[in-house]
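Reading through the structure tokens given below for one structure.
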Amino acid sequence: MMMNDMANVASSTGGGGRRIGEVILDLKNISLRFGGVKALTDISFDIREHEIRSIIGPNGAGKSSMLNVINGVYHPQEGQILFRGEPRQKMEPHMAAAQGIARTFQNIALFKGMTVLDNIMTGRNLKMKCNLFHHALFFGKAQREEIEHRKKVEEVIDFLEIQSIRKTPVGRLPYGLQKRVELARALAAEPTMLLLDEPMAGMNVEEKQDMCRFILDVNDQFGTTIVLIEHDMGVVMDISDRVVVLDYGKKIGDGPPDEVKNNPDVIAAYLGTSH
Amino acid sequence: MGFFFEVLIGGLLSGVLYALVALGFVLIYKASGVFNFAQGAMVFFAALTFVGFQEVLPGWTGLEPGSIAVFWMAFVLALASMVVLGILTEKVVLRPLVNQPHITLFMATIGLTFLVEGIAQAIWGNHVRGLDLGIADEPIEWVLDSADIIVSKFDVFAATLAGILVASLALFFQYTKVGRALRAVADDHQAALSIGIPLQHIWAIVWAVAGFVALVAGLIWGARSGVQFALTFTALKALPVLILGGFTSVPGAIVGGLIIGASEKLAEVYIGPFVGGGIEGWFPYMLALLFLLVRPEGLFGEKHIDRV
Amino acid sequence: QEQFIGLPSYRVGPFGSNGASLYGGWIDYMAMVNARDGGVNGVKLTWEECETEYNNARGVECYERLKNKGPTGNSVFQPLSTGITYSVLEKVAQDKIPLVTIGYGRTDAADGRVFPWVFPMITTYWSQASAIVNYIGQKSGGMDKLKGKKIGLLYHDSAYGKESHAIIDKLAEKHGFEVQKIAVANPGNEQQAQWLQIRQSKPDYVILWGWGVMNATALRTAAKTGYSRDKIIGVWWSGSEEDTIPAGDAAKGYVAAGFNVAGANYPVIKDIQSQVYAKNAGNMEDKNRIGSVLYNRGVVHGIITVEAIRTAQEKYGKGKPMTGEQIRWGFENLNLDSQRLAALGATGFMPDLKISCEDHEGGGKVKFQQWDGTQWKVVSDWVEADRPLVRGMIEESAAAYAKEKGITPRDCSKES
Amino acid sequence: MTMTATASAATQASPYLSINNVEVIYDHVILVLKGVSLQVEKGSIVALLGANGAGKSTTLKSISNLLRAERGDVTKGSIEFKGNRIDQMTPNDLVRRGVIQVMEGRHCFGHLTIEENLLTGSYTRSISRSELKENLDKVYHYFPRLKTRRTSQAGYTSGGEQQMCAIGRALMAKPEMILLDEPSMGLAPQIVEEIFEIVKDLNSKEQVSFLLAEQNTMVALRYADFGYIMENGRIVMEGAASDLATNEDVKEFYLGLSGEGRKSFRDVKHYRRRKRWLS
Amino acid sequence: MLYREAGQFKASYQEDQQIFPIRQDRIGMAVILAFFFLAVPMLASQYWLQAILIPVLIFSLAAIGLNILTGYAGQLSLGSAAFMAVGAFGAYNFILRIDGMPFLVGVLLGGLSAAAVGVAFGLPSLRIKGFYLAVATLAAQFFIVWALVKFPWFSNNSSSGVITAQQIEILGFAFNTPESKYLLTLAIVTVLAFVAKNLVRSTTGRSWMAVRDMDVAAEVIGIRPMRAKLSAFAVSSFYCGVAGALYAYTYLGTVEPEGFSLDLSFRILFMIIIGGVGSIMGSFLGAAFIVLLPIFLNVGMHAVFGSAMPAGMASNLELIIFGGLIIFFLIVEPHGLARLWQLAKDKLRLWPFPH
């Protein structure tokens, strides 16, 4: 199985001049249970640097749980995770953040009481060095730091074209823009790996097109590795390098889009015949 | 050893009385997600209304003061007042605040506290009254004789009453349509509205039931320590019970009450002397805090669902 | 001609029911003086209430609001709350308004040399504790019989309750009895644990140093655990109808100290009835409570206030409104001997009282009353405190305060 | 997919649901709907399309009267259902009259089990136990996935399961008119198809009318009879679903089709033509 | 369009990050400060200074403290008064026991003691949430007051547990007039209010708010919930502590542990909810509202009814109106006075056009 994957990757490299690199995250035999519910059963797959890796599967298959395992929100009962070859121990979400893993959420998890700008600034939290006492005065060091990071954040804002809503409280924004702000927050952390949980749900085609372009650009320009969960097969098949298919917590397919699309198990469990 | 049991049993019985007050909180929390700060004031209001009617009824009707008839008439009138209070609360306070953050509703119930206290005292005056339920607060003799342990008749009566209330409310919440709707409302006001649950009725019902529970608690506590403003403080005894048992659990109120009651009394007797006593004020809270560290939603409370 | 008296009062909240009687009695007395005598030598008494809710911050606001009212400013400040007393303790000296605290407040302020503006009159907590012990001694057949006895002290676990500790310890040492101190956490509506302890250790007497709902609960629980009520001696904040009525039958036989007695059969109360209530005036909404312990205590407050004004007028000019400073002199030279009390219609109603520059307490006598199920019955004569002992402690404590604050005590021999 | 025939047959003289010139303001200051009018004929499926923030959800909420709970107000215009004004009715009245909304973003009762969630859906109906059971079975028949999770607390189920639960819960009220807000959001493609099949089923078999706000234009137009397109709080275009589906702008902006057919998401350019209706 | 930003462009991020980015606000703030620092001490009577302004300022400070914890970091607390007590008794003991301890340092140390105690009682917040935490903070409220009564050392062995604040002296200047005490309080409160404003608009404040709004998401982003919550507890308790010290030193002069009762904690909570949860400005508005309303009611009641109404009735009516007004305000604007102010500004911005 592993050998097979490698071969596929090699063949799909190319498009847009991106170089798909080494495996940075290797998941081995992951199992996750909640009481009696088996969310994930013995799942193994890997993620390579710079690739766009999609996870698809029917509702309740365990996709979101998979992301939660990757960034340490859930702790699998069994299995091993290697990050850049190092086995992970005792993972907490903020450690994942420190390793450069950022993410967006299926049910938008923005900070509702804050403005767009503040939300995105929180993304830079890990990169800020000043402490409470600097902040209390807000002169000198703290202000310089704030401005420096503000510049970075403005870049992200420009990139995602959300200049006009900078100072709006996020709670009042329409759904699609909230998703975009969430992406901005994740990008502000300059992640090496970006986990996106249904970033395009509830968007129309036009907006999906925009979102795809952002994802591709991020991947292209910064070489960010992307893990994507999405139900729109058009999107998934068009932009992913490799796709993992889950069903009822089990892996039923893994490979480049074309291969997955034609996998009979996948068709039966997920795609249905109409596609 | 006899002394130990005496303290233990006394504590358990007191605990049930705390549970009686806690129950009112649970009801309203379960049905609207609101922490009803006014519960203590409602206990006071109920008891005061009851004795108030007891005082004026003989004059109105010519019945013998202290007769059974007066008792029950006063009870019915007080209950009616509590129902009216519940309905008004829904109309005036809650309805305009649907779907607001819980802290806002919490604050509104604080406003309600002042309102209820003010109204109660404006109507009935603020002097202290006695209240006699006709059940003597004295030891059950055969227990005293055989084991030399004091078990008060009154406390046993109160505990039985509390037990019946708790059992019936627990069944109501778990198995009836309205009970289910109540729990739904607590989770999401707006979604409840969207499927046609009439929040207004539901809340009016719950507040009325909470009013009834407050009346029972008010009578029991009023009989123990007089009908006076201090009845509002019974809430302070109920709060640790509440968090220990879980805000959302009716049986939790009883279990929490038993644990708090027994341990606070034992602590006062066995630990108190070493630190100068008077630890009953904070000990239950500390104890509850320790429990919460292990189970943050209380023993029987609903888990806080926190998913991404 | 008017003399203004500011009344910081509390009529709502946990002590609201106490407040209603106290202020009722006080105001009724002043109204009676206005009606009967046309004021103090023709100077009408006027007053204004200010609701404090028994809350320190609001008490201070009331103090400030009231202090400049009336032609000569506020005559006297009597907050009826130890907390508020402490909060205005230093302000009164600056504003020159006497601070009168009858039966509560700062005990060592009885040393008038250090606290010229503060008057903890009639009796302080320390005198009271000592008088109670003396009463127990009397009942036991002499102070020497106290040796080896065990006295329980059930106290409200607060600054107020702890005031009793120092003096009781001293007395225990002196008379050789044993003290068992038992704390009751605020508000005290649960005392199962405490009374079971008492049931186990079986003290000969229990001093009930309680407050509010704690008192009724104590009596109730005592009854439940079989402790005889006539062995419980309450302090004066535990000895009113407000404490016994809610306890029902459990209160029967309970004894409490008081610096005034209950009952409406005194000429002064009758005057109030005929001069005020007969004319459909009067402050009490519930007329049944006229003559209750707290109502009568309010009348005592009224008497003392009015008599101080009268005394001041004697020195500074009859028929003129007095300033705070002049009234302070009035308080300091107040002498309510039995003759004067008789003239006031208050014989046996309150103890005689003589204030001086050094001694702002002026007597320290209390009477004991017993609850018979419906009313308080006097069961003792005026009982004195152990004056030398108490006075010694007061002076010691006041001296420490003076040292801490850098105050030089007045030399009383130079006062006129 | 020509449902138009049946739909027009059901058309009556006075519209079934009609919204006339409605204006909505949130928080007394934020003007969101600026005079929206639309009609739903009895027995039809009407799609409400539009970009994010166009005001689709707000429109639906103004019908079901859930606005007030969000401090929003209908300040102008009228809403009628079967010829009666309904703008002052409580949501409870509306559900009893057969109008129910499935809110966007799931809104399940997290602490109740899936089955309890469904049961609360029938709150407004007084029916026998067996009828209730029958109803429940029907919902389980539509959503077998729910049956397997029936005893789980809804808060712990996956996004898609919650979506199914919310729709199933509304069905339990036996509505005549369902306001569906983004039913397809977060659902796997197969389930989306299934849900729309259910919609069609209910529509043809039980004469339930639908007003659905939807982003998945492709599917929505396939199942709907009529469509409205909203932008910025106004209706900018309306027409039979089949007509809309062939409109050039709709094709480009809502279906992702251009002259040469479907374009890969990888190749979409940044700069596009302006929409004609904005000119 | 009195209040409009049009025409005010910000050329740099620095300008955009000013506390008051809009010119009208800056001018307004300058006028307000000038008024309170210069005009008020000259114009206000002693009554206003001592009985109204000083307590309003002190409670504003406490409310800012609680607002940081509850409004910004989302941790509901009912123990603010206890932290004030720690501040008061802390400052008292530092000044009493260390010779030559400067007043301001004493107050600072009092605040820091409160912060330390606050952190200790904040530890459970890592696991306990919402109303559970609120009730659990009552443990702090009761325990601290109990301990202050129980251990006489805290009150320098005073028989009644009461402490009398020492004379305030800074650099040889004695603050004993109402004016000087007012100015001292005002200065401290102003400085701390600006510090609070700085904190809440910086990374620290953002991490508080992030934890408040969604702590799982915050953690995924790399914010340590523990650090954020505990720092909020520390800063909040520090503010309450300083407020407590001022309460003892510039306001009452003499305080007892029981003065810092649960009642006071609630009062502070009312302030932030009425004023606006998550707003520094709201803390001031709320404090003013809660301190002034009962006084106005009391005064008003006397003015309107005089002695026509029985005194007990008047007091009860005050209570009823107070409760009624709280409910009324919440219904009109659940987000408090600060939000009302914000909405007014929004309207002014558009005025005279309705939308």
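In order of appearance the chains are A, B, C, D and E, and numbering begins at 1 in each one.
Quick note on the criterion: a contact is a pair of C-beta atoms (placed from the backbone, for glycine too) under 8 Å apart; a residue touches a chain by one contact, two chains touch by 3 or more.
No experiment lies behind these values; they were computed from the predicted model shown.
K.L.:
Tell me, which chains sit next to both chain B and chain C?
P.N.:
E
K.L.:
For chain B, which other chain has the most distant CA centre?
P.N.:
A
K.L.:
How big is the gap, in whole Å, between where the Cα atoms of chain A centre and where those of chain B centre?
P.N.:
49
K.L.:
Taking the mean of the C-alpha atoms as each chain's centre, how many Å separate chain C from chain E?
P.N.:
From the centre of chain C to the centre of chain E is 36 Å.
K.L.:
Take the average of all CA coordinates in chain C, do the same for chain D, and state the distance between these two points in whole angstrom.
P.N.:
Taking the mean C-alpha position of each chain, the two centres sit 74 Å apart.
K.L.:
At which residue positions does chain B touch at least two other chains?
P.N.:
117-118, 121, 125-126, 236, 276, 278-279, 281-282, 307-308
K.L.:
At least two partner chains per residue is the criterion; list those residues in chain A.
P.N.:
64, 73, 105-107, 109
K.L.:
For chain E, which residues are shared contacts with two or more other chains?
P.N.:
If we look for residues of chain E contacting two or more partner chains, we find 146, 150, 216-217, 220, 312-313, 316, 318-319.
K.L.:
Within the complex, which stretch of chain B touches chain C?
P.N.:
Chain B residues touching chain C: 3, 6-7, 10-11, 14, 117-118, 121, 125-132, 137-139, 150, 152, 154, 221, 224-230, 232-234, 236-237, 264-265, 268-269, 272, 276-282.
K.L.:
Residues of chain E touching chain D in their complex?
P.N.:
Residues 343, 346-347, 355 of chain E touch chain D in their complex.
K.L.:
Flag every residue of chain E that touches chain A in the complex, lowest number first.
P.N.:
12-14, 16-17, 195, 198-199, 201-207, 209-210, 212-214, 216-224, 231, 235, 278
K.L.:
Can you tell me which positions in chain B touch chain E when the two form their complex?
P.N.:
Touch residues, chain B against chain E: 29, 35, 92-93, 96-97, 100-104, 106-108, 110-119, 121-122, 125-126, 236, 239-240, 242-243, 247, 275-276, 278-279, 281-282, 285-286, 288-289, 292-293, 296-298, 301, 304, 306-308.
K.L.:
Could you pull out which chain C residues touch chain E in their complex?
P.N.:
Counting only chain C, the residues touching chain E are 9-12, 16, 20, 23, 48-51, 53, 55-58, 60-61, 63-65, 67-68, 82-83, 86-87, 89-91, 106-108, 157-160, 162-163, 165-166, 185-186, 283, 285, 397, 401, 404-405.
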